[in-house]
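Shared between the two complexes below is chain A, which pairs with chain B and chain C, respectively.
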Partner chain A sequence: MVAKKRKKNLNFFERIYIVEIIKGMILTLKNMFRPKFTMEYPEVKFEPPASYRGRPVLVLDENGVERCVACGLCSRVCPALAIEVQAAETEYEKERYPEKFEINMLRCIFCGFCEEVCPEEAIVMSKDYELVYTNREDAIYGKDKLLVPIEQLRDRIEFLRKFK
Partner chain B sequence: MNIWELVIITIVKILIAITTLLLSVAYMVYFERKISAWAQNRLGPNRVGYKGLLQPFADVFKLLLKEDIVPQAANKTLHTLAPFISLFVAFATYAVVPIGPSINIFGKEIKLVAADVNIGILYVLALTSLGVYGVTFAGWSSGSKYSLLGGIRSSAQMISYEVSMGFSIAGVLLLSESLRPIDIVNAQYGWMWNAILQPIGFITFVVSAFAETNRLPFDLPEAEPELVGGYHTEYSSFKFAGFFLAEYANMIIASCLIVTLYLGGWQIPYIDKLGLNATVTTILQVGAFLFKTAFMLFVFIWVRWSIPRFRYDQLMNIGWKVMFPLSLVNIIWVALLIMIFKI
Partner chain C sequence: MPKIILDGKEIEFKPGQTIIEAARDAGIDIPHFCWHPKLSVSGNCRMCLVEVEQMPKLVISCATLASEGMVVHTSSPKAVEARNAVMEFLLINHPLDCPICDEAGECKLQEYAYAHGRGESRFEEMKVRKEKRIQLGPYIKFDAERCILCSRCIRFTDEIAKSHQLTFIKRGDKVTITTFPGESFDNPYTLNTTDICPVGALTNQDFRFKARVWEMSKTNSICIGCARGCNIEIWVRNNQILRLTPRYNEDVNSYWMCDNGRLNTFKFVNSDSRIDGPFVRRNGLLEKVSWEEALSEASNKLKKYKGNEIAFIGSAYATNEDNFMFIKLAKLLDVKKVMFARHIKEGDQDDILIREDKTPNSLGAELIGLMPINENLLNELFEEISTGKIKVLYIIEDDIFGKYENLKELAKKLELIIVHATNKNITTEFADILFPASTYAEKHGTFVNFQGRVQRIRPAVATVELDRALDGMSMSRWDKFGTPFDRWMQGKKYDAKPSWKILTSISTKLGLKIKYEMAEDVFEDIANTIDEFKGLDYDLISNNGIKIKNKAYEYIK
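== the complex of A and B ==
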């Protein structure tokens, strides 16, 4: 093999390796006593910051009604075609509500486009990252699982108002 | 001492040696994972048992429950034989390592070594050269290019470094004037450790030991990014466990040898000035041997997680152009010491 010219020539102590090896080993030894970064997951859970994009959820307002007006923009913008909305009429001021709102969590790619496009601030990304199901049917989340009271989503909504 | 006593004592010694070796191999794997984790600011295995102490057994059971695959292109006899050669060599070498001075039990003097061979060091050298066969057979008989490359690399590397290893040991033999490991330890009385008298030989021996055991920074035979798994790419289940065990057993033996040859074996400097009785002294000395070996094992792991792997040409350069001349220089140095100080 042809030896390449180095940019910087090593001096004698660097070339006999031993000094450099000892330096490297001292570095790793120091690191052994530094605090550990590991989180022991099931006992200690990661609390994500407001910018975290977890599972998308529907906002349930203080009066116990969902904000969604079933305009269908989220399902149009969804690149993975994960959202299905069926609109119906209602007595409330907003006139329309989603009769059926399903997100297929096997399809969802957590891009957050639905949240970005929503005119009513009705669908937001939550901090929930524990998504477990044992069959494909369970992965389709209906309104029962999607509706989350607004108190739990304050962080994210404030974050959206600031940066969106 | 009649023949039956001798047989029983030897069998007990062998059983103790093998069980301690197997247990320490299991816990070497555990500490390897723990220390690697600490060096990377992680915690390491801590789920199985208290602080993860049962992890090695879980690993072994996982390996044993897996399917034993033999590739179609493999030479079945050699493919099966290879891990057993590696294991046999690894365990057999342990027989001549003395862990302490003679001890008196029920009025009988018992040497704390499985076999007190008067050519112990030659025996070790012969067996470690046999170890090359395990790896080479594994590489060749698997019928896979990665295994073959790993096997070739490993045989070239082990043969090259055996030269400097042998010459470094020659320095030790000059001082001890014996091939018997017990005499070598006795010759390093007090602070007359070979590591202090012949530092160059110590360094060349340690580096060669790293290369012989295929440990990083010399683990080219199993360089994962280039060779998948190296010589054991095509092995699974128990046979893979065999190679795995052999690697760690080799490491333990290398540490034992380094301690015996260079770090004064069981010697503790100035222990006879403390005026302790014989039994306590012996126990302390065995403890010292185990402590030194454990420290060398820690160094093995520590180096692995600190230093990147050498390139193949660098490996050969260091082996032939640096280590070999240095070990010759060491012999001259020791010869001069003997000439001048009449040690």
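== the complex of A and C ==
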């Protein structure tokens, strides 16, 4: 075996290590007095900024009706084929609403395309990152889990209006 | 032939053709809304404006006759500018509600807006609002805002359906379409207007909001509503048929189909009354059994009877392949009585498409060798059953007991009734052995229409034995990328087989040596044995069908 040449030849002080160890201890000591970033999840929870892309949710408007008109554009644009929509007729002016709206959270890659394509501002990325399920069926979120009152989504919608 | 020069390309035209027609024959599509190859020229949309050298102004190519040496530009700056201006005007009052519009995805206005639109509107005033969701006729919803007033629908009712039911009313930007006061738009062909309407103003009530057009797969097939055999496309999502649309075939149905065919010939495919798996009667009740069991039972029982104790009733709803195999089995068992029933609806016929014969394949059944049931034959059959001469009935794909009610009484005299059926009906109630037959939308095969044209059907809906990918069926994007864990892939698949396949299995059990893997093999055999089909194969029949040799078949009642 050919002995590998060191990349850098160490000088005397480096070779006795003591100086280096002291340097390392100083760094550790410095960090002990810096502000802490670690969160004690789940006791403490991370509150993401408006730009964060958590799970996509459907906007429930002030009048208690979903904004979605079941146009299927989010479903078409979704690169992971996560969304399934079934439209039906409604008496409201919007004519159609999603009778069924399902997002398969195992497929979703949180890209936000659905939010971007939606002509009705009806699907937005929420701040919810806590997704737990123990089987495939539970990972398919229906309207019951997807509909979120607009009050809880205000800052995302403002963010979208500003930057989309 | 005389020639014009279109965009620097020399193309031929027939004298009397307009520029748009000549271009179309040469495979060049000049953008247009109101022009339709089968309707009179109206020239109101101005979308087809082209520049013709030596003419002072742009001309509409749908109403300008082509003449020798004409030099036409469809994409010169002047023509393009005019087209873009037309688009801008059309979009001024258009609601742009594509998200809720069923036409989206197959809308001419969308397509041209993409190709010729500015991308934004300079119109700052309020759009003109009109009524939406108007029930124009029993099957049609009309959205007045979306209408671009091309008059195609009006011309269709005047010239093709000849019912003169629609007209424009009002003036200026208030113009809209309506029926005459108190009238409903209800001729037998109304839904064709939803196909030719270039926008989503007229939409099919039955298909309303069922799916977006890009979510479905489509398969070329034949309508089974009557002996015309209109060429159609079957639109399927999640293994469920959602709509039928006509497919152009000048020799059969042109661009049209009737409302009855469009609405009432596909719902049974996905209905709860489908027969799912084979059944055998045990202790008086039909019990679900395995295929093997049912097939053995059928062949073992059939073996016990002499040929003259059995009557076979084929079907004008079944394909030629099915009926051909039926006859093969009959020959094997030495059965002489091989018949089929016609289903004629007296008087329900017109000069447009609709035929009195409400089956898609009665001519085919006859050519293959089944005897059409007439009074004599029927009485003879009743007679022979009641005297106990005939002990066995084998019926495929037709509700014979529903049609000839006397049979219900006579059923007690019969020792064995074998039935192939797609759905539960009166006949299936009497079956001792019941085989689930694939519907026309689940198998390959051929029909012969009343003109003697052999036409192909193809599977659009998968049964248990079919796999979309492996069996070369058409697939939507969902079908391509779906897994068994996706709910949109879990559409019901029925455990059914085409009748010819079931009959082949029974025949093999009875000792016949045949090797049919596909419907195409059966057809090859038909082509080799039956004169009228000589020389034909599936490739020749292809999408447009082919007329049977040397015989101008006209419908015989």
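Everything that follows uses one rule, which is that the second predicted complex is superposed on the first by the 139 of 164 C-alpha atoms of A that agree within 3 Å, B and C clash if a C-alpha of one lies under 4 Å from a C-alpha of the other, contacts with A are read in each partner's own complex, and residues count from 1 in each chain.
The rule is short, and it goes like this: contacts are C-beta pairs under 8 Å (C-beta built on N, C-alpha and C of every residue); 3 or more make two chains touch, one makes a residue touch a chain.
Quick caveat, the model's predicted, so the values are computed rather than measured.
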Partner chain in contact with A:130 - chain B first, chain C second, else both or neither: neither
Which of chain B and chain C A:43 touches, first, second, both or neither: neither
First (chain B), second (chain C), both or neither touched by A:32: first
Touching partner for A:144 - first (chain B), second (chain C), both, neither: neither
Touched partner set for A:24, first chain B, second chain C, both or neither: first
Set intersection of chain A contacts, chain C complex versus chain B complex: none
Partner chain A, residues of chain C touching it in the complex: 98-100, 104, 132-133, 208-210, 212, 214-215, 477-478, 481-482, 485-488
Contact set on chain B toward chain A in their complex: 35, 38-43, 46, 203, 302-303, 305-307, 313
Contacting residues of chain A [partner chain C, same complex]: 69-73, 75-76, 81, 84, 87-89, 94-96, 102, 104, 119-120, 136, 140
Interface residues, chain A side, partner chain B - complex: 1, 18, 21, 24-25, 27-29, 31-38, 40
